[in-house]
Amino acid sequence: MSHITFFSDIMSTLFERGMGKPSNASRVPMIDLCTALLSPQGEVSGTRLAREVLGKYRSLDHDGRRDFFRYLATDLDLDTEAVAQAAKAYGETRDAANLAKLCREAEPRRQELLRRLNQATGATQDLVRMRLDLLGMIKDEPDLAVIDPDFRHLFASWFNRGFLVLRPIDWRTPANILEKIIEYEAVHAIDDWDDLQRRLRPVDRRCFAFFHPAMAEEPLIFVEVALTKGIAGSVQDLLAEERAALDEADLDTAVFYSISNCQAGLAGISFGNSLIKQVVEELKRDLPQVKRFVTLSPVPGFAGWLAEIAPDNAEAGELLRAAQTGDAAQIKPLTASLKRLCAYYLAEVKGRKGLPADPVARFHLSNGASLHDVHALADTSPNGLRKSCTAMVNYYYDLAKVEQNNESFVTQNKVTLSKQVKALVEQSEMTGKSS
Amino acid sequence: MSHITFFSDIMSTLFERGMGKPSNASRVPMIDLCTALLSPQGEVSGTRLAREVLGKYRSLDHDGRRDFFRYLATDLDLDTEAVAQAAKAYGETRDAANLAKLCREAEPRRQELLRRLNQATGATQDLVRMRLDLLGMIKDEPDLAVIDPDFRHLFASWFNRGFLVLRPIDWRTPANILEKIIEYEAVHAIDDWDDLQRRLRPVDRRCFAFFHPAMAEEPLIFVEVALTKGIAGSVQDLLAEERAALDEADLDTAVFYSISNCQAGLAGISFGNSLIKQVVEELKRDLPQVKRFVTLSPVPGFAGWLAEIAPDNAEAGELLRAAQTGDAAQIKPLTASLKRLCAYYLAEVKGRKGLPADPVARFHLSNGASLHDVHALADTSPNGLRKSCTAMVNYYYDLAKVEQNNESFVTQNKVTLSKQVKALVEQSEMTGKSS
Amino acid sequence: MSHITFFSDIMSTLFERGMGKPSNASRVPMIDLCTALLSPQGEVSGTRLAREVLGKYRSLDHDGRRDFFRYLATDLDLDTEAVAQAAKAYGETRDAANLAKLCREAEPRRQELLRRLNQATGATQDLVRMRLDLLGMIKDEPDLAVIDPDFRHLFASWFNRGFLVLRPIDWRTPANILEKIIEYEAVHAIDDWDDLQRRLRPVDRRCFAFFHPAMAEEPLIFVEVALTKGIAGSVQDLLAEERAALDEADLDTAVFYSISNCQAGLAGISFGNSLIKQVVEELKRDLPQVKRFVTLSPVPGFAGWLAEIAPDNAEAGELLRAAQTGDAAQIKPLTASLKRLCAYYLAEVKGRKGLPADPVARFHLSNGASLHDVHALADTSPNGLRKSCTAMVNYYYDLAKVEQNNESFVTQNKVTLSKQVKALVEQSEMTGKSS
Amino acid sequence: MSHITFFSDIMSTLFERGMGKPSNASRVPMIDLCTALLSPQGEVSGTRLAREVLGKYRSLDHDGRRDFFRYLATDLDLDTEAVAQAAKAYGETRDAANLAKLCREAEPRRQELLRRLNQATGATQDLVRMRLDLLGMIKDEPDLAVIDPDFRHLFASWFNRGFLVLRPIDWRTPANILEKIIEYEAVHAIDDWDDLQRRLRPVDRRCFAFFHPAMAEEPLIFVEVALTKGIAGSVQDLLAEERAALDEADLDTAVFYSISNCQAGLAGISFGNSLIKQVVEELKRDLPQVKRFVTLSPVPGFAGWLAEIAPDNAEAGELLRAAQTGDAAQIKPLTASLKRLCAYYLAEVKGRKGLPADPVARFHLSNGASLHDVHALADTSPNGLRKSCTAMVNYYYDLAKVEQNNESFVTQNKVTLSKQVKALVEQSEMTGKSS
């Protein structure tokens, strides 16, 4: 069947009953729909075909979706031979035509398919969900991994910082957005609407999220902020149910106590760094009395590291045993030793590429924050006990220094420490040496 | 100088005087700023560096900008050797890592630079203007043409149909948008605010534009619509100053009499096809009594073609001479012959790749419109006389048929004609044969 | 102390510390503040003084507020002698000056005070709350009742239908508005946010509220609507937790199942009638397939009336006893008798001024609705059992007939009945006669 | 014909053809429509009837409207006898019922008619226009003046300061609002859209207007502001076509150079005082560097006063003659004398009730402004020459002092003067004495 007849056939099946009537798309195989969408004619019928493909995808079960991904991975892959030839040609004659050919050949055709799918209303959200499906399947079928770079490439372009919109989230925010804040909070779970209200409504609480214009009802990432007098050292205090809000005039510090990514389908497309910095600028404008901007962050790798060193380190063992009782009070006598060990862990213990072993530390330090303070008994929840023996820490965002800090972090793996953390690390090292 | 020290130096020059003070960016060479932005540290300082680069670019004169483009064309070009090797490696082992490497190598580094520049607020507009500069310089310096595919690639992705927003333009639209409509109208110039008001305010007039969320005050393309009773055949009548608006109940036809692209920096990124179709849908919803959707379009290549055939065709010569008097009345006796020739020209005269020679015909027919009618004395302006001997035509958008029409146009170069145009073409061919 | 010096003193006390400093208003007696606000100078300092008075009022306890009302009732009352004289003067010479004087004299000065208080931002809401306080105190101190007509007069003017804005309430509505919907629902209590969601989110549910621009975050009245196929006869079915939403295409009826006034301080200022009619128009526009508009309303006076007639009416007694068991199943065998009695009650039993005894019937029938149907076992909640023995009824809003229905209701006390209700009433009367 | 039958008849005429069909309202006499709207049934059919009355009013010619006003003035007037009796009854028994009766009797029935008319959408605007008609007719038919207090009473209530919304007017404002700014500018005419742009677009220009929510597209009053370095003394300089905007950082003064009422139908309902003060607060918030807030105001009564004193005052005569040449240059040598005389005129010359004779002075001084400076050659337009011999003055709004200034103005007729104006007045008085 010639190419031309093929396209006519698809089209007449789709549209034979005319406008407004139910579509016959379900009878057209997915691959034929995709082929039609990728054809030159596909540009004019694009929105319609894109809608059909996405609708069909949604109706597929797990196996159907896996078959679709296999099709993307193989049928719509690169022709490597052609790429190599095009590269050679451009190497010989560096003109725009040769370059265009090389670029065309070096891009898997599935990327153009994804781009054309995005023409349909609401498609961006669908594609983000599609990647989530893909990420789930890659574990079982690693050959599908070749598709992911195309999603990442497009999403990095589409969700470019310049396109994101920062919006405050408060008690005046529409309920359909708020329910997503409840759903997506990943650090300190929000129990219900009353809990949410306690985090959004008081004058000393703030929340901000990034949105993309094409997904206006889906937050991408959000951060919860407590405005305080002095630097908070315990998340229990911040989230206490019976808490009187502070007077605006007394506030001097902003504590970022929770930052949550909302879209698992956007994994690897990072917004967190921009979010914190833009929120700092927003708060400075609104509340000039607030001078300090710190996080109150978990130390998720701490207990794991303690377990590693416990065979050789009595303090570590003692701490772990105290935490395992499940009773935070058991930690109390060990406060000093916990703070020393935690400071040492964050400042000195390195993982891959010489970067800090702790993932949260890695995130904030690479953003240019400094390690400001370490707290014991700061997260006494079961999770806090189990993962970090109740430790939490403050990372400090001093906008006048983030670029320099980031630079020494990236170029020299240097972690910037406050005086008090430096002291803790030194004590710890002496202890270490003496042991 | 090591890479690390280089980055520190740039950063400390930029930020030595601290937050809020005037930046020293002007002292840092453009290439160093770009190198810093492309470095791994550049991700954290990205917004700041992007702002500096764009600001510096704006302050450059013609030669400075040309030098910047030369830098993009050469220093930030592909390594074709590396592309070829990566293609070979992926050909041998088709895994995600090899594919990622190939994709990375096959993308000129300037593309990532442009992407990172887009982080700054307002950057999208700046980049669109930058491409406009580039297009202007390519004529004199064709080697710069290798940069353009990167702009096109990014713009096609960023200005994807799914991200555009259709907005009505009317007398309630903010003045800063309206002044751009005046500025950008490319078909029938808008003289002043009174003329604009005549096109926007009456109940039988409409205007719609596409916008991109990151350039909210810049229309991308807009279309002007006259709602009429019957199909209009003269643009003078549509734009007459002393015109009584029709009753809403009497309207049965929408005439798209002007469609203008606004952003020369987005040349080649096409929106027109989607715009017309979406406006048709919008109008159908709002005004169910309106059943027909046609354009009233110029025939810009008509006079040129007449000149070509005039040596062998007496009618063509007569028409041209009448038009050259500059007095539309001279065309009147030739109406029948003008309509026959014009119908023939649009339906039968082909240019490159067997497509219609007339560019406006090419646009609408490839969108799936049919050629509906031909009018004489329809544009009696000097421009209308000179280019098309006063001819204008209606292209008909029947949403139930655009996909089929497009398909036969693309696959068989077939132009769909109405009965009356078919008759004109037949008369014309007989005339042609008899002559 | 002269009038002039008095005003200076107040002002200098209020403002001695200058702009931005805390006000000394708390030291100035309420009555002095009010006198200053009513003085000619008060016009310029109005917003400031109004803010002070309202702030001071908020800080008063019950006795302080009562004293304030006593002051309004006596010191700021009419001079009846002056009114009578002004009336006489205008009777003699009907010119604008005399009329103006009469109008001035015939308006208690407290009305001007309330009007001037309304200059402060947010004052309208404060005044609505103030009237609520007043209504509460009138019971114990009937002399304060003379103030109320001034509130009513102003509120009737300010909350004039022409100033109200109808807004849909749905799951995209800000949470601070939604929480008020939960709080104010007066007919079928909303348990929590999940229950609210069930009433707002499904495609076959709607809610609309009236707002006043000066109280944009306070709904005034709202109505909840279920879209159904056929006329619903049971509120349990409408509010069931496990309910599948209907397809939009299947909907043919809108059931107004709950209408709640939100502002007790606006008692007597009626919006309900306009609300229902405007919502009917709104729904007709959005959903042309919906043809019928009925309420599903309680019959709050039914059980009381049954108790009155029970000594002479065996059926009534039986019904009441069944209801008192608290078990709706006991009503089941009595369905036919319940429907007959209820129809009779609503159609024939009259109270004050010959109007229907049942207050809900009075409201809808005077709005021009007709009595369409009577249902047993339609509200099996404890409240439904106790007050109406599970009966609920449909009032029918046929916009083409509401004006005529209203007219015969107002002029002839005539209740318009559907065929089936008419039949029930006839059966009931025969039964009545035979008993 | 009984009342009841009358109402039915009206209604059936209006609605006999059912919903959606053209109304028969035009056949029903205006007075019957009004009677129906005022009847108890009128409340339910209110919106419909109001729409009919307002539509019919719009279709009336001058005589028809005059007849309608005569009807309001006579048929819907007070019953003064009833008022006097109700006043007596309330004097005897001060209870709420008697008071309510008195209030009812003391309000002409036309006031309730106007209130009910306001139920229709867009009615507020119609009623404002209706009053404009009325004000025009009162001159010829003074008996109609009795209606005006009812309009004023309602408008004062409806356009209460608490209901008005302040909005910035700039180049982003919708064109339909901007065209009204052009139309309504009453002080320094706006020539065209370019002139408007010069007043709205530069960073050192601002404009603000009050709006009422029920007339959202009609500004009520607006003020134009120039931000300057130092106090401007010439309106030519402010409005010069070729003017470079100042840097934001250099601005220290806000000059209110034009304030225009937009709605002649709201004459006597004053907003100007609140507008200036609220704009001052707005500007303080936005531009903390701006410390001074002055007007640049005309002196419309100056030339008239000079003409009065010219027989006895040589300087005055000389000034007038210079102005009458129409050549501002002739004023130049007389600058000193002009400033002295103008200062004296504004500070010392009184009209009715001992208030300043100049109306603009009266307005600003009673708002609490002080007289800050006097300028010659400040308005060299023909109008400026003719009315004020080119003089303009600055009134100074110091929010910390407006209340005190207002108080001494109202209570002691005292005009607060700056040092330099005081000096001018003293010189002038000495001159005066010496002459």
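Read from first to last, the chains carry the letters A, B, C and D; within each, the first residue is number 1.
Definition applied: contacts are C-beta pairs under 8 Å (C-beta built on N, C-alpha and C of every residue); 3 or more make two chains touch, one makes a residue touch a chain.
Keep in mind the model is a prediction, meaning the values are calculated, not measured.
Novice: So which chains are sitting against subunit B and subunit D at once?
Specialist: The common neighbours do not exist; no chain touches both.
Novice: Give the label of the chain whose average Cα location is farthest from that of subunit D.
Specialist: A
Novice: Using mean CA coordinates as chain centres, what's the gap between subunit A and subunit B in Å?
Specialist: About 36 Å separates the centre of subunit A from that of subunit B.
Novice: Measuring centre to centre with CA averages, how many angstrom lie between subunit A and subunit C?
Specialist: Whole-Å distance between the two chain centres: 49.
Novice: On a C-alpha centroid basis, what's the spacing between subunit A and subunit D, in Å?
Specialist: 57
Novice: Any chance you could list the residues of subunit D touching two or more other chains?
Specialist: Within subunit D, no residue contacts more than one other chain.
Novice: With chains as vertices joined when they touch, what's the shape: line, ring, star, complete or other?
Specialist: It is a ring, because the chains touch in a row that closes back on itself.
Novice: Can you give me every chain pair that touches, using the contact definition above?
Specialist: Result for touching pairs of chains: A-B, A-C, B-D, C-D.
Novice: Where on subunit A does subunit C make contact in their complex?
Specialist: 171-176, 178, 192-193, 197, 217
Novice: Which of the residues in subunit B end up touching subunit A in this complex?
Specialist: So the residues of subunit B touching subunit A come out as 3-4, 7-8, 11-12, 14-15, 18-19, 40-41, 43-48, 77-78, 80-81, 83-84, 87-88, 90-91, 94-96, 99-100, 102-103, 106-108, 115, 118-121, 123-124, 142-143, 145-146, 148-149, 153-154, 156-158, 160-163, 165, 213-214, 273-274, 277, 366-368, 399-400, 402-404, 406-407, 410-412.
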